[in-house]
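Take a look at the structure set out below.
Note that the chains take the letters A, B and C in the order they are written out, and that residue 1 is the start of every chain.
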Amino acid sequence: MPDSARPLPGQVAVPRDIGFVDWFFDVGTWTDKGGILDSLWETVLLCSIVTIVAVIVSVPIAAALAHFGKAEVSTTWLVSISRAVPTFAIAALLVPWSLRRGWGFEPWPIFIALLLLALVPIYLNTYTAISQVPDGTVDAARALGHSETSILTKVEFALGASVVLSGIRVAAIQVVATEPIRAFLGGDGLGRYVRDGFGQNNDTLVIGGMILIGGLAALTGLIFVLLERIVLPPGVRRLARQQGDRTR
Amino acid sequence: MQHSFPDPESQINASRAAIRLSGVTKEFRGSAEAAVADLSLDIEEGSIVALLGPSGCGKTTTLRMINRLIEPTSGTIEINGTNVADIPAQELRRGIGYVIQQVGLFPHRSIASNIGTVPKMLGWNKKRIAERVEELTSLVGLDHDLLSRYPDELSGGQQQRVGVARALAADPPVLLMDEPFGAVDPIVRARLQDQLLELQSEVRKTIVLVTHDVDEALRVADQIALLNVGGVLEQLAAPDDLMRTPANDFVRTFVGEDRWLRRLHLNLVSSLPHHTGPILPIAATFGEAREVLAAEGVSWLGITEDDVFLGWVQASALDAVEAAGGSLADLERQLPAAQVEPTSTLRSAMELIMVSNTSAAVINEGGKFGGVVTLEGIRRGLAGDTS
Amino acid sequence: MSGAALLGEARNPIIRWEWVYEEWDQIREALLEHLELTMLAMALGLVVSTILAAIALRFRWTMTPITATTSLIYTLPSVAMFALLAPVFGNLSRVTAVLPLAAYTLLILVTNIVAGFQSVPQSVRDAADGMGLSPARRVWSVELPLAMPFIMTGIRIATVSTVGLVTVAAIIGQGGLGRLIFNGLRRAFWTPMTVGALLSIILALMLDALILWIGLLLSPWQRRKKAAA
């Protein structure tokens, strides 16, 4: 609740009579120490690390399970349980734990909560991608003398690449979209503009923060669209378009 | 059985119905050629008519125009003289049984409830529906234990039987079947076809059956309407006539070069002109025996006693036995290896003759001798050569 | 929130039961508000997505724009969504909380409703028409029951994620249990925060199980199939 209209130390300080345009399009607003670029960097850094760690953890596990075993049951279970994990509540629960170890508000609670959020779509899509490759194709590869590892990497991954990539895209967008709660958990990042805007009853900051957060999420989606263009061979992209709606 | 149509004035409110298509044309939007072009067809009541043809011949379209799932562009369809366009579509459909290849059972309803769908819509009371469901279950040869199951728990053949039972539920005079046995394996299909014929002998519906399978049409239909691409009727004929006298090259090609062989499936032993062959009663003389052998031009002879077939004897053995002062009864007899019934197909008669390595099969007509079948007799029979 | 003070407050116990006992009314109120926001958002979301799904099923070309729009909404950061509506409807308005929450349910609900109706085999529709069911009766007594498992799955996922998102609505002074979390964080007094966070997780799990159970009740033929498999 906005109990104070004055900026506290460490908060964004913008006089209320400065209009949105004057503030948002001022070079200083972006480049000053503690300005938008700094906040943007904090957010991008955390989100990138979370996504990369999630890929490193999820992809091998999902690929191995899908290739060798039958993890259908655990996969279904994971889908339903993952929806019940509210990122904000998880992060909040981790705050006292982190403080007690002297690690401060940041970055562990928000990092772990976001990581849990990101693991699931990547795991699920990788699992789906690998198990969707027709048995006949895998058998053919085996008959041609491919080793199990080479089947996994050269056949199953190649064919499922677009599905895996779209899982990473969904995860990244969700992470970027959720990261602003960090500002309400004792951290900063782009969410601070909304937080401090509320705190100071300053719509300029609220709107500015909203545009920055929404813009970054949109940009993330765009980057992945380009990435798919570059990484995926045309044949696989055509395949992905045919299967498109199934993996949403 | 007056409950098929709620409207008592309706002329097709009867247990029997004839269907007449007059100049029926269907053009689909965005398609240059008509799906069905000026099709006229008379379907006798109580008969099974197969709409046969390659894909794109409009056979399914034709079928679906009868129950107005598709409306014709022009032309009329009458059931017992009533234009179907004059009957509200849903009322019409409740009075026409409809069976499709994928069966289309309602997965969320029990088998009993599936079968009772139309009676329930017609407002029958529960007791009457339950009785009817029981009756139909027996009629189509389903296990009564299945009634409380869901469709997914049944095999393909069982599901198809439920589909037929459901279509017959309100005892409609007309049954439309769209590739009804296309989705089951050949063995089950043959059994279901036999069952359909058995069923038809009891219920005598007017059945229109769509198929692309020549053998199915030959096997179950009374009349075959062979359609060409664009819904052109090439020939309407009884199965054997279609084989024997194809109207044109299309019919000839479609039914295949082996149509003579197919006719072996269609025609029964009883259809052959009665031919006793080289047969003599046991009391006959050696002179009579030599006469018959010469007339038939064979080297063997059948012996009967009181119209019961005893066996074959070799012509070469006659002289020795006669010289020894014996009678025909003293000849060494071989029992008949090949025996057929009058209801056997010519194909099975031919097969038996081949397998048993003889020249003729004996017709066993209720324990009595009914004549013989020879390969030459079959050839003549199929050629319509009665000489 | 200076470092030294924080370290002191970090020694607060995670949960202090006297507080739970004393503030029980506040906790109950927060829980009920949480439930109320969730249900309001779900009700609104269901109404809107039923309409959207009906349009998408009736006019196939609208499928792509509807999916694109709801997907876009789904990726909008929740903090930004609340921020967007706060100046319009006021900081403390319930509308500000419910609208975004309902908007987030659209993608999942529309996708599942459409998938449900599309899962009805064409042959079943054809058979229904062929037996003379009226279109309304076909939709109501055949297609809807068959689509139900998909629809219930959608409702389940949407409800559970809404429970999680409601906590974020606390940034605009709404948010039921989320308010407890915020209060706790702001004062570095962990008890309300722990209570709020745990209760929101428990609430989500319980609603998940409840809706799963209702879904099974509504589709007995599926239950039988699963038991057989």
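The working rule: contacts are C-beta pairs under 8 Å (C-beta built on N, C-alpha and C of every residue); 3 or more make two chains touch, one makes a residue touch a chain.
None of the values given here were measured: they were computed from a predicted structure.
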Arrangement of touching chains [line / ring / star / complete / other]: line
Dominant chain pairing [most C-beta pairs in contact]: A-C
Where chain B and chain C are represented by their mean Cα positions, the distance between them in whole Å: 59
Between chain A and chain C, centroid-to-centroid distance (C-alpha), Å: 20
Rounded Å distance between chain A and chain B, as computed from the means of their C-alpha atoms: 66
In chain B, residues with contacts to at least two other chains: none
Residues within chain A bordering two or more other chains: none
In the complex, chain A residues that touch chain C: 1-2, 80, 83-90, 92-93, 95-96, 99-100, 102, 104-105, 173-174, 176-181, 183-186, 191, 194-195, 197-198, 203, 206-207, 209-210, 213-214, 217-218, 221, 248
List of chain B residues in touch with chain C within their complex: 67, 69, 89-96, 98, 100-109, 117-118, 121, 150, 152-153, 163, 166, 176
Chain A contact footprint on chain C (complex, rising order): 1, 3, 6-7, 9-12, 14, 75-80, 82-84, 86-87, 91, 111, 156-157, 160-161, 163-165, 167-168, 171-173, 177-178, 181-182, 184-185, 188, 190, 193-194, 196-198, 200-201, 204-205, 208, 212
Sites on chain C touched by chain B in the complex: 121-134, 142, 145-146, 219, 221, 224-225, 228
